[in-house]
Structure formats: C-alpha cells, structure tokens
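To start, I am sharing the structure in question, which I have written as structure tokens.
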C-alpha cells in the first residue's frame, strides 16, 4: 500500500451533549472532513474507558480521538475533568511505551463548534495519515 | 440471537443524494443477525413509521437499526414507533448517515461505504441492547426563577398564576433589574416605571411568589423535577421582618458619599440605602463597604433613628435549602466595560456617557431630577453626538461579535426625546446600519429623522477629543458625502454593546447548562425549543439567552413560564433508564465510583455473600440510585474491577461498536 | 529485632489481645521466606523470622487472611504500611480487626542479584551489618550489603510508618529518593528506543499473574483479566498486543493507588522491571497534579478520582510533558 | 564420542543454523537465561537453567488450533497450521530432556495431539550434561542422571572442549550434519567430569530428598492430610510454578473474536488459578488449598499411578527458585514425607 | 467575477480580508490624513474588494497616508485598511521599476569595447 492510498481508520468518541452535537452541526453546515472518521456516541467523555482506546488500536484503528465538552461545560458538571486526567495518564503511558503519541488526541468541541469539529478531524486525519499504519499497538490476528 | 431489522432512510435527497441507499440496505441485510433490511423515502413519515411497525410484527424483530439523521433529531420518534409495535423502545439504534455522512461527503462511493460501516456499527450495538424501562420520579411542584428583572418577574407571575409556588432570587436589594433604571420605553415612549412597578407590586403581593432579594444561588444539585438548591441570603444588616421602608435611616446616615449604583455612580447616596422609591421589597440595606459602623465600629446612627429597631449589625449570610421541579434562568445583561475603547474618551471625560447612563440622566428620579445636564458642569448641552455599535459587531478582543439588537431603537428614542424636550439641541447619530425590525419600529426611527430632525450620519466616529474649553471634538466619517466630519459636541453618548451578566457563567456551571462562546445560554434548539436549555428542567428567559428588547423579553418570559407549568403539571417524570449499575459479585466496595459521581447517586451497603467454600462473608458493595443517576458513566471507568457498567452504553456495546468500525 | 518481635507477639497472644499473628517464616534456604499465620507461641518460637530477606509485603497476605471475628497481629515494614493504609482507605481490610506493629527495615537483600553475579549452589547466606556472606558449593564470597540490596530498597521512599498501633524501634522519616531516575532515563530516550526497550522486556512475560496476585493494590474480587464478561479477559498473551494490553491496563488500574512497594518486580520470574510502569504514573501524577503519595494517610482521594479545573490538557504529552 | 574445541562452538552453531533453525540458551538483559533463535554473535549462556523450561518448543504457551472465517452469514473453517521446519535445540539439561518423555506420555498416546506431534517430530534435542548443579536441583530424586542426559544427542562441556554422543537416529543425522567440525575421541575428560559432578550432587541440600513416600496408591493417605492447609496458606494463586515447570501440560482452549472471524487457540492454564476447573455450577475446588493439593498430588501420586510409577516432576528446581512466596514441591515432599515417617 | 492578478496580489501581500469589512467607516473617521487624501481608508478596502486597483495605484492618496495604522487599530473587524494602503503603495513603487532592459535589445547596445561583465551586471540590475 503506498502512502497516497493509505486510508487511516479513525475512531472518534464524542460526548452526546457537546461534541456529537458539534459533529451534527458540522454536517448541517456541510463542512467536509474525511470519511475515515467514524463516530461513537457516548454520554460523556468520562464514559470512555482507556480500555476502549486500546481496543480500537487492537482492532486496527490508526488513530483514536476523544471529543467532549469544554472543561467547565460538562453536561454532567465534572465528567470531562476526570476524562482529562485519565487521558493524560493513558497518553503519557502510551508515549512511555514508545507508541506514537500523535495517534491519540483529546479535543474539546462544543455543540456550537461545528467548524472546529471539522477542522479538528481534518487535522487529525492528516496527522495520522502522515504517521501511516499503526504498527506498534496492533493485534496481528485482527488483520484481514 | 437477536432478530434485527434495518431501515435506511433516503431523507428525500438529503441522504439518497450522496449515499446509495439501496446498496446500504443490501449490504446491511447480509450482516449476522439481520433478518430484514429495507430503505424508504422518509422513515420519519407516518408511512415510514408504519413500515417499521409492520416489519417488527411480521418478522418478529427484537431490535431495529434506523439509518437516518442524527439520533438527536429522531431517536425519540423511532423509539415511540418501536414501542407502538410492542418492541421495547431501547431496542432501537440510529446510524447517523445524514449529519455524519451524506452531508459531509460528496463522493457517492465514499459516503456509501461509510454509511455501511455506520450501519454495521449500530447493528453490532443493537445486538447487545437489552430492553430498558424508564423509572418514574415525582416532580416537586415549585419553580425557581433566578433574576428579578422584567424577565424573571414576568415568568414568576405567570407560573404563580397557574397555581405553582415560585421563588424569585435577585442578587440586588430590589427586583426590577435594568428596566427599573430605564426612563422611557420604545416605541410607545411610555414611562418604564409606570409599566414595571405594578408588576413588581404584583410579585410582592402574590401569595405564591417568594422574593429572595439580595440573594444568590449558592449551589444546585439534583435533576429535572428534583433540583436541590441552596440560596444564599446576603446579610443586609437590616431585619427584613421589622423594616418598614420609612427611609429615615437613609436620611440620617452620615456616610453620604457612597456612589449611587442605581444611578450608575452618577451621584451619591448614603451607606444605608433603599435603591429607589418603588423598590420591592422596600427594605433598607447597609453597604458594608461604606458603613462606618461595620468598618470601624463607630457610628450607629441608623440603629438609633430606626423606630422599628430593624438594624442588625451582626446579621450573617443565611443559607436556605429548597427543592424545585424547574429552574428558570433570567440573569439578564450589563453594558460592556468601555475601558478598551480609549478613542471615545469614556474614561477621560464625564461628558462621554453610555446610553444607560443617559437614561438615568434624563430620568425624573435621576441625579438631575430629569433635566438633561452635562455631568461635568451641569450646563445645558447644545450638541449631542450618539455613537452606535460601540463594541457590537466587533470581532476584536475587546468587543462582541454580535449585534446588541436594542441600541438602534433606544438611540432613536433618546434622540427623539432630547429633540422633543430641548429643540435647541442638535443631535447627531453615527450609525453603521440602522436595524429596526419589529412592529412600529421603523416608523419610530423615521419619526426621529423626519419629525424631530435628528441628524443620522452613515459612518463611524474614529476619535473623541476632549478640548480645553470643555467641548468634545468628535471626528467621524460620513461615508455618503465622503467627508470626515469634525463636530464640537457638548456630550457624547455611546451605545455600548450588552453582554450577559458576569454571574451567568458560574451559574451555568452549577446548572450544567451549556453556554455559547459569548456566555449566552444555549437553547435546546435554536428554532424549535428557544426557551429551554439542553439541560432538562432548566429554562431561559430574557437576555441571558441572547440580546432582546422588552417586548421580546416578556414574550420569552411567558413562554418559559408556559414550559415550566407544563413540566410542573406532570405528576411524575420518566427518568432516563440508561443509568449505571454495579455487579455486586465484582464490586470491591473501594469507593472510587462514589468519589467521581457528580450526583451522589452511589451509596454503599454491607452485604452477605456466600463464598465458594460455603462460608459466608460480609462485604461492602456499591449501590446506585437509578432515580438520581444521570448516566454519565464516570463511575464505570473509575471502577477497577469492572463491576460498574452503564445501561444503554455498556462496555460490551461500546467495544462492539469499536470492533465494527475497525473491522 | 526478631527476638523483640517474637516476645511481643507471644505477649499479645497470651493476653488474648490477638488470636493470630501474621509474620514471616524461613523455608528451605536462608533466603527463602514465606508469609505465615502463627496461632501459638510454639509456632512462633519454631518458625518466626525477621531478617534481611523478609521482603514479602505482608499487607496483601493480611488481606487474604483477614478475619472479622477475631483480632490479628500483623508486623509491617514502613513500605508495607503504605499498602495497608491504601487498603484501609479503599475499605479492603477491616482495620478494627487488625493490630498493627510497625517494625523498622534496613533494606532487604535481593538474592537474584547474588545469583546474577554467578553464585550458584548457595548453601547459606548471612547478613551481618554491612557484610553479606555467601557460602556455596563452589566457593565463598562476601558482598557489601548495598551491592546486593533490592532495587526498591536502594530507592527507598520512606522509613516512616503510615499506620500502626504500636511501633518497635524508632520511627523513621520519609526519605529523599532517586526512584524516578530510571523513569527519566527512559523518558529521555527516543520513542523508538523506548518501544524496543519495552518490547524486549514485555515479550518475556509469561502471564503467570504473579505481579497481579502479589500486588497489594490488586485486590479485586474478580480481575477483569479473569472475567470473560469484561471483554478483555486473557489467559496468555497470544499476540504482542496482549502483552502490552495486560501491563498497560494493570498499571492504569493501580495508577494513583500504587504505593510503589515494588512487589511486582520482586516476584516477576522473568525479571521484568514492572515497577517502572507504575513509577511512570507516579512521576506523572506528581508532575501534573502535585506531589501525591498513595497510602500516606487513610481517606486520601486518589488523583484519578479527583481533578482541579486547572489540570493540564492531555496534549501536554504531545508537547513533551511537564 | 566426538569432540570439538570450545572456541569452535560458534562455527558449529553457524553450520547448524545453515541447515536448520537453531535455538540456544542465552542471557537476557535482566539476568535470566532464555532459549533464543541463534544468530551470528550470540553468546551461549553460562547459566545452569533457562528461566522457562524447554517445553515451549513442543508445547508453546499459545497455539492456534483452528480459525473460523466469517463473511456475512457464511463461516469457513481454516486450519492455521503451517509446515513446521526442522529445528535443533542446543543445551537442554537432563531434567528438561526427561520432561519431554513425560509430555510425550500425555500428548502422544491415543488420541494423539497432532499439534504437539508435529513439532516433536521436527525437533532435534541436543542435551548438555550439568557440571555445576545449583542448590535448588533435585533431579536425582527422580532417578535422573544429570551427567548422562537423554536427548537425541548428549553433550558434555569441559573447560576446553565440547563432547558429543548421538543417542538416536535423529541424533546421528545431526552429528553427520556437523561432522566436518568434529573429531572422534575417547571421552576420558567426560568421565572425569562425571565423577566430579557426582561428588557435588552428593553435597546438594536436597541430595537426600526421597520420592519413596509417594507414588501410585497413596491418594487416600495424603489427600486428607491436614498439612495441606498450612502448606498452601501463603499461596498467591499465581501461575509461576506451573508456567516454569517443564512437565505441567494443562491448557485451556479459548476463542478470540478477530472482528472477521474466530481464532480458536489453546494456551497454558494453571491448576493454581481460581478459574481452573470452573464450570457452570461453580468450582469444585473451593479454595486455594484444593488447587494447591491438586498440583502436587498430580505430580507425586496420580501421575505415577497411571504411568508406571514415573513421577511428573523432574527436579529441575525452577519452582523452588521462582515461587514468589517460596513454597514448592520440595517443601511438600518433606512435610508430607515426615508424616509418613512417623 | 474573475479576480484580477492585482487584486490577488494586494490581498496576498497585505494579508487583509476585505470581505470582513462591514462598511462602518470607523477607519476613515479616525484617519488624521483624511482631508489630504483623495481616496480614504474605507475606500481602499472597498475598491480592492470591487477590484478597482488601478484607481488606487494612480491616486496620490497612497503617498499621503502617514502609515500611522490608526485605521487598522480602530477597525472593529480586523480588516486592516493600512495594510492595504501599504500593499497598494508597494505595488505602485514596484511598477515604477519596470523592465528597463530586454534581452533582444542587448545586441544593439554592444560596442566593441563593452566589457562582458558590465552587460551581465546591467542585465541583472535592470531586468525584472
């Protein structure tokens, strides 16, 4: 597979209240971002277990992004604060194990930020595409 | 094994235009567990819903996937459809192939492929769904209105009218808000006090309304139907139950050099004060920053003169806890600070004033008793320049990007009133655009120009320069004559942009209600649910949601009241069944979940367990109160043993979605 | 020390204050130590030992052998008390059913270091003061104790007891430690080097679960890796991913709760430096959220179930940390 | 008997690796020895034992059994086995060599485990006699002579030479493969080493450990012994002893969902694990005591009973060294043996 | 509408987004050189948007601008009229420096004793 043809698999966890709505707004405003991004709706960014992120990589994801309400704006008041700590720790550990830190990201996208959502996804897909296939955290059994 | 039905919606050409819906239906039909797959023009139409209902019955479907618009749009619709056909409403999953697919992709092949993946993901999830039943919680028949301006007053009156208890919390010593400071109202030019004060009195006299003036909301817990709010009653140092509002104390108080905030600091008052004559409640308040007794323990005049013995220098802040079924936010606005607009010399010259200050200067109860005089030398102004859009429509850091909406009209009002009362005064209005949509609004503005001879100038003031002789040299452009005007003015009036009150942001955090980047509360839907916050049970009234004039504010206030009444009229609320639950066999009782729960929904019980070796062991285990749990899922991740899981978004379901996407 | 402990244990047994004593006993060799429950003075006289080989952390053993209806005496070294405090915080042990005696520790000897030096056929090892004398079939050798001390003891964080009913010996202090030096070394490597390093280390894992089962923070009623319902259960790593997965998740589960007792690395039959994973989290928590030592006092709120509004954003990692 | 100078050992490895895959024990960074595929420049470990036993070569920790490929509603069954290449394991000790016989008696009897058989047939075992046994060794208890190891080829290493002797047809083939480097010799040095080693064996701490108290027919005598409770008390329930043991052969069969099919594989299991023998109703082995007892009863009583008094322990001492709480088969034999003596 | 090369260049070199202008005229209201100028700051913005660059290039206004940037400072939309004036001025200056030497004219200029090096350096200097 040449670099040009490489289409990354991107899993985006979006909180129901802000980021998922932001993604909807991006759609309503017809703001394009690559089809490589597939969104999973979760009630809150704090619902995302680090296990899910590892699972995505195991299953062949090349990048995982978590989007939630801006800190202070969480629908559940404090959820994204916990998510922020958890993800900081997880990302740090992945980096410590030598896994490309650019493959994981957290972005705060409000329901009003459709344009930001599209911009973030465009940028993330670009970053991951440049990195190429995820080789360091893959499960060979899941390859086709 | 589930029997899953897949329904792909065309949404007219919204989806079918970029997604090959037939191919999607066909591909998804081949997925394991899928026994029926079809596509249709409009799934949300009655015919579309009937299609789903028939399929549920004919194929004995145990779960359905609708590939359509965002679940935020029609999830509720399809849940009802399923329920009508006898299928549990939580056996429905939506694949969002419109907002997140057809609308953002142009290539049919790419969009179709993605739609299939999204459909597959929803199928993977629904295969693990379990029927859920919403539990019911009773609704507390009492509403809280935060903010006692015209918005809050109107909402409170309407709710009370329907027979429900209302608490009205106002941070100032009196209700009335900004409208109480306004002189006349457009487009009718009737006096604001004349139409506002009767409403304030109504509030005070209504048995169902309880006014907490000089109070603030301290904390909000709970959820729709059952909010638990702590209200802080700030110490007035005056016993409310004893004060008669006679005002002798305010006359006798020696601390007369206290800035009168009601008059925006344009004149002074005493340290103990009643903001204005028609204040509700009409109770004196001691300004602790200026009172000599409170500061230095010397004075005590007010206490001596008070016949009612109402003065209490030892009064403390009081905290009141109260339960509410609904909360209305009516926190209003303030003009922005003009410190960053040095070109208008607002901080340099007392004769450069904001429009709100002009209201006080022109008001009969204002500092000059209703005669318009220059603040600097109390002389009659002969030339007045109005500058519109100061800080509005301004995308730089010091301004606001939005239109403040009310300035065009009140400036026309001011110009007209001045020309009417002082025909020898020339009035110039610099404008970018004059915006007057509204009943009788444009007519009003035209009257200012045509009947009162106000000079409207298309252009903007670039600089205001105070002159040694006390005049203000105003330099601005007239774009139509292509000239730069230099006007020697006696006064300059700035139509400062309005912004939400600063207390709104911390309040939004307490309420978990979302705000936009300008700190206006966001509505649940910009068109269809304009008076509700996305957070259930929180309603919006007045400028806290966006700039609006008095008629609009009152309209929204009544609308919010109607929504509150609708909510309070319900005997019970169905709660979201997607709540957390703990597997007692796995629970360690370590308290991690309790620590992260924002609702205090988790408690612990000691439970006896039978061990494999047939002994028994008492263990501490977590137990979730489903009525209190809001289903955020923070606990599920905090739990190290995986005992805690979330219905509707279980670990297995989310992992199945991950798997399906990455397949 | 051993004799004082024995005497005190027997006193408490005799007075009926406690009915059981948790301590260590010697096994086949000098360096073989097994945690044990003693119920009689005779058993204590016969088997009870406390010397420089008594490495096993008795907190986890106490957790496994706790009884609610009777009081148990347990001897805890300073680092063991941190684990115990953490377990009390998490309601994993019944503090009321325990009588804790804090005992001093002067660093434990790591027999693996002596073996790694080529010593085999070891017939006896004796530790006296700074000398460690090793007598083997193939010759004798004397080591300076500090050279054969366990890694975790060389980087000892504290000689202070965070929980006890009584102390034997004098109370020590929290120590200055260079325990994050190895973490820093790893952080200074390139991602490729780190990847190679961990691949090399973790690929030796045989998933015996000794690290988990010895860990005083891993006291789950059922481990997610044993629970087929968890979706990540595995018995053996069938792919390099699963080797990573197990250790990342385990480190994450104990993050903010791990007291850095070092049992995981001590028990690893494959000599994987597992403590370096936990220490990374500890060092990150200290750096990002302020100094925090798990097990310092009962009732602490662990950093991962806590937050401040001003916490760093996760992109701090991408930006190169701290 | 053949001889090669020690300095030529690398050449021998190179020559072997040219034809077949060669594995030798080598030191890992962390101070343990492990079998690794030989490549140029690799140094053979001087350690007596590898951390893991050599059973991995024939009975790997995880092994794919069958794959199911799912496409839509269709399932294809795929045999994931690839043609096994011939390989040579160099430096297997007598204890591990003996363990292969025990594994054979489990996997190669009817029904034959074809996965195991396949690997076994392709492997040539070159054993290496021990000259510096460690304090944890007790192979002599089970009548193993570490100076005369079994295997396809036996080897002895002295200060300057390595001696070889072929024991099987496969062994002969291997000797022929490397014959260009070998010279024939009488093996007098080997005999001298054997005498010296045997003298050391007599001085080992476990030299007097006897298996006589155990064997078939002792079930009733030991099963109900009260000593099990105390012996198993500190057991953590980890699988260290099992996984380092060269004779433990229990495995679990698991399915892994790859997203596009199922991979069915087997992996080592441990009777020390709490979910071992767990069934729908629960676990008949109620506590760690029962699990602990099972492991040692199997090695010392049940297995000998069914296999002509051959014990399922080869005295390699790995469990003695690796157990986190220093509990092991020697302690069990001594404790229960004392009881027998009474 | 086709965008001229000049407009493109002005927008590129000034970095100003003329579409953001909402025609408030604050720039011109603030301009100290207003009376000196034929075209005023807001017109610079407007003319660029309407692609009437030539007018601006030929106007003395570009030399009257003091470059004080008060127009940009006051602009509520961050358009930056002064940046446009500057860009137009730069373009005009560059135009004065047209191609003074063309390759085909060289042979006619060459005399026997013209040093080759002079030709090369002249070409470098006067050829754009």
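Per-chain residue numbering starts at 1, and chain names A, B, C, D and E are given in the order in which the chains are listed.
One rule holds in what follows: a residue touches a chain if its C-beta (ideal position, glycine included) is under 8 Å from a C-beta of that chain, and two chains touch if they have at least 3 such contacts.
Just so you know, these numbers come straight off a predicted model, no measurement behind them.
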Shortest contact path, subunit C to subunit E, counted in steps: 2
Taking each chain's C-alpha mean as its centre, the one farthest from subunit B: D
Pair of chains joined by more contacts [C-beta pairs], C-D or B-C: C-D
Chain occupying the most central position, where position means C-alpha average: A
Between subunit A and subunit C, centroid-to-centroid distance (C-alpha), Å: 36
Computed distance of Cα centres, subunit B from subunit A, in Å: 30
Inter-centroid spacing, subunit D versus subunit B (mean Cα positions, whole Å): 72
Where subunit A and subunit D are represented by their mean Cα positions, the distance between them in whole Å: 46
Sequence positions of subunit A contacting 2 or more other chains: 50-51, 55, 59-60, 72, 78, 82, 86, 139, 141-142
In subunit C, residues with contacts to at least two other chains: 231, 238, 304-306
Of all residues in subunit B, the ones touching two or more other chains: 596, 638, 651, 655, 659, 662-663
Interchain pairs in contact, sorted by label: A-B, A-C, A-D, B-C, B-D, B-E, C-D
Partner subunit B, residues of subunit A touching it in the complex: 9, 11, 16-18, 20-21, 23-28, 30-33, 35, 38-44, 46-52, 55-56, 59-61, 69, 72-79, 82, 86, 110-112, 118, 142
Subunit B partner contacts - residues on subunit C that touch it in the complex: 68, 90-92, 219-224, 227, 229-231, 253-254, 257, 301-302, 304-306
Interface residues, subunit B side, partner subunit E - complex: 343, 389, 393-396, 399, 430, 432-433, 458-463, 475-479, 482, 484
In the complex with subunit A, residue positions of subunit C that touch it: 186-187, 191-199, 231-232, 238-239, 241-242, 244-245, 248-249, 251-252, 255, 277, 280-281, 284-285, 288-289, 303-309, 311-318, 321
Contact set on subunit B toward subunit D in their complex: 30-32, 612-614, 659-660, 662-663
